[in-house]
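Structure record follows, encoded as structure tokens.
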């Protein structure tokens, strides 16, 4: 195979900066017609920015995008659509208030002025069948479907556009294995018809199984483009990380049995998400819930923090019952929660760092409801030191910070409360660079050493193995296994992706 | 027409919108000052008093609305009916004495608006729809109870609100005093700080365990009290009250808040800004009046001022985020 | 498990209730309904229908055009002032002004991504001022009596040209939005603007188009009213806006955007018109209909309130789990 000869899509020296950060510097690669081309890289490697430029959501500062030889000026999504570029965005991009059929037709540039829902019925039907949605009615409102089904509908929409280039940005992140298999088959069929496919994924097994070539990015630049036959998971990881991933393993916390449980969760259920979850947390230890998206790990944390109205179960802090579904009650009981969505459910981005750090501590820095400057600055100084932030910048807005520092502020807000007994963190290092990650890990360990119980969810093996004293794996809403001692990463991965050694698939 | 393609692409011009906006703003302010200084009788004490007096009633109501807006509940469209209803209560309670009537008026105003606030705060109801419903309800009940007639004062105590100590209307002192109190509350109390946080991001505030419902309700309670003060002064000034007492107050108050630069999306703004907005609109109308323009032109300029401030504030905050 | 959301059934229910009430009016007044009552009801519809349609379209797109009443006033005034020679000039001036206002507002809102409520509030105030400045604050009379007679003449017993034009525009809007891609794209940008953009919908163009449509429709509403009254009033007050908003909400659109259909808006407007006619025929005090509106809107807003919804879920969960032996310990149920 001589890819250069039959390349349909060519990306040349693409560069894009946001302010002072150079997100992409001179990325070049090509995709042949009929090729499934993977784009891999760690968080912040620049994959998303490349995808945004290819799909017309960002304009490159310099460089060229060619399809079929001609240079394209992709000023907007519509121009990109018209040039034959279909996209499955990283974020779910279907509209719940429309029906399934309307979503499938949305933005399709070939659709004429006239709405031909009837005429296109059979075509839409076969699109749904291709992704395994045979049971879904075309005129059903999308809001009645689950997240996985919505994702499949977005994929079906892109598949049906007869594009020259199809971009799939982490299409299977929220899908089950069965659903993913449908997607793989459909993608292969589209590729066989001569479409070029750019497949962005974190799942390396999927990349090696599905794709023809892999382009790896690191720090905004392309490291290499390699035939998949020449790659193994380990060599791919080496390309992505730049060096063999080293592992530091020091466990300080956890003289188990020293004291009673701080948090006990019993029989926690969230309809459709979590079934009968129970766990006891002792102070001074770090616990982890290991589970992929949709495993229920995130729902356990949210329900414990009182953010899921439909949650039922027995939640106690130091033996005192906390009413489920009331975030204020949870906070008062000493549960601090760090959401995985710090922008919309965490920080107050336009407010100063100081306001954010002390947002949950207002009662303790006021006297007769009036802010007490001395207490305010004393508490603030403590917190800033604790989080390792720059003390001179506490008046700056949180928006001006990097992702890692924003996350430090978010975690620090939970730590700073002297009455906080339990710290819950939902995927605490998402979108955080390596340095920030280490700092956050240190913060969590410190918190445990000072007597808090820490529970976080993650899918990252390194993080699970390095940080947690106890790892509980979850799959499809139920606990698979609790690991108190050492455990191999491969075991965790197996349990997270396949559940217990059970029949391959339960019925959905 | 692809409107996005016209935006500059390189990194350098990111700061430019802010500068352009600043420049335009500076020019506008200069022009306004020149215009003001060249207007006969603008720079007289009597005229300053007139401006402040005309700003005072709208200003007090706008202070109340500022609490609502900062707290993230956008606007209340039920200000005029609340003021009318409370004004009627105030005048018909004059036989109890001025102080008792005032207390009663503030209690009723607090209750009327506070109820709406409780629904907005605890149920997260849409404030615009809710206050449209409330305006129907308040007007309906007020009409039903009063039989649609005009209420006359039952005693003369109200007239003390029309006093002009030092030659300036009492309402001006009250406006300035209340503006300072509201500003202090917003800046220096835990309530004020939570209100800014809730207004910027309600979901985050909820997840952080802040008492979102209670703080929102308290903000609306405060707003209700301020509307009631407006109502008392308006009713006293008109010496009678019916369901139309509020007039165009709802939109005048919103205009004052927006002209002060408080964005409707919440989380930012201040009482002093609202005060400035009310005075700005009053001063602009005054200049036009002195120069002999009609009421229509005055109203039009008010709209244009609001539009310019809204766009400017939006561009500046967006510029600072880029 | 969850029932269908009420947005589709709301307009039907509102219309059904008011129709039944209308039919039952004779049992209250003792005198039979006449065809004139129906004619009158459609005249009321003609007065508020186009405003409702204009406001409703922007609400479907997730915006809120407060300026419709301002455009309505300007349109009415221009019709009178520019149309003294020939009605067509007045109409043209009104529609042109409506389109220009819509273009300006839509352009600002789409290009600067600014929330529409403060912008349209400012234009509303400015337009009221403009109308007042145009007329010197006075009500202007329209001398062309033939047009006045023509727009309100009785057609097919129940209708007038004015009410037929209004009904016709509802039908046109319904047909266009049902048969073209604009319908789904309008609801898409109202429902989830980011998703619509990513899917390739021309969001900005659609917003501008919606505001132009809104401007033209409101201006036309003002024109027709001026023709009918034979005069133009510089200040229509806030009432038309509030009533139009109520009609649109009854018609199944939401302030959050993304749902609604012109036929629903028509049903909502008809319900409001029927109610106004009932009030007139039965000589019910005005405040009763106001309380009725308050109740209806109160129900709408409470049904839509997200935190109330989660409180109900919480309550249901708790009731269910209290039968469950594992979670026997319950706190006292204070809230």
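All chains are identified by letter, namely A, B and C, in their written order; residue positions are counted from 1 within each chain.
As a working rule, a residue touches a chain if its C-beta (ideal position, glycine included) is under 8 Å from a C-beta of that chain, and two chains touch if they have at least 3 such contacts.
Everything quoted here is computed from the prediction, not taken from an experiment.
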Inset, instruction - Select the category (line, ring, star, complete, other) that matches the graph of chains linked by touching. - result: complete
Legend entry - Longest centre-to-centre distance from chain B, chain (CA-based): A
Inset, instruction - Determine which of the two chain pairs, A-C or B-C, is joined by the larger number of C-beta pairs in contact. - result: B-C
Legend entry - Centre-of-Cα separation between chain B and chain A, whole angstrom: 43
Legend entry - Chain centre separation in whole Å, for chain C relative to chain A (CA means): 42
Inset, instruction - Could you put a whole-Å number on the gap between the CA centroids of chain B and chain C? - result: 26
Legend entry - Residues of chain B engaged with two or more neighbouring chains: 2, 4
Legend entry - Shared-contact residues (touching 2 or more other chains) in chain C: 311
Legend entry - Contact set on chain A toward chain B in their complex: 17, 19-20, 59, 61, 75-76, 79, 305-307, 327-328, 330-332, 337, 339, 344-351, 355, 359-360, 362-363, 365-366, 369-371, 399, 413
Legend entry - Complex contacts: residues of chain C adjacent to chain A: 5, 178-181, 183-185, 187-188, 190-192, 194-202, 258-259, 310-311, 313-314, 316-318, 320-321, 324, 326-327, 329-331
Legend entry - For the chain A and chain C complex, residues of the former touching the latter: 57, 77-78, 80-81, 87, 89, 91-98, 102, 105-109, 111, 113-115, 143, 157, 266-267, 309-314, 321, 323-326
Inset, instruction - Using the touch rule from the top, collect the residues of chain B that touch chain C in their complex. - result: 1-4, 74-75, 77, 80, 119, 122-126, 128-130, 132-137, 139-141, 143-144, 148, 213, 248, 250-251, 254-255, 258, 263-265, 294-304, 306-307, 310-311, 314-315, 318
Inset, instruction - Within their complex, state which residues of chain B touch chain A. - result: 2, 4-5, 9-11, 14, 188-191, 193-194, 196-197, 200-201, 203-211, 267-268, 317, 321-322
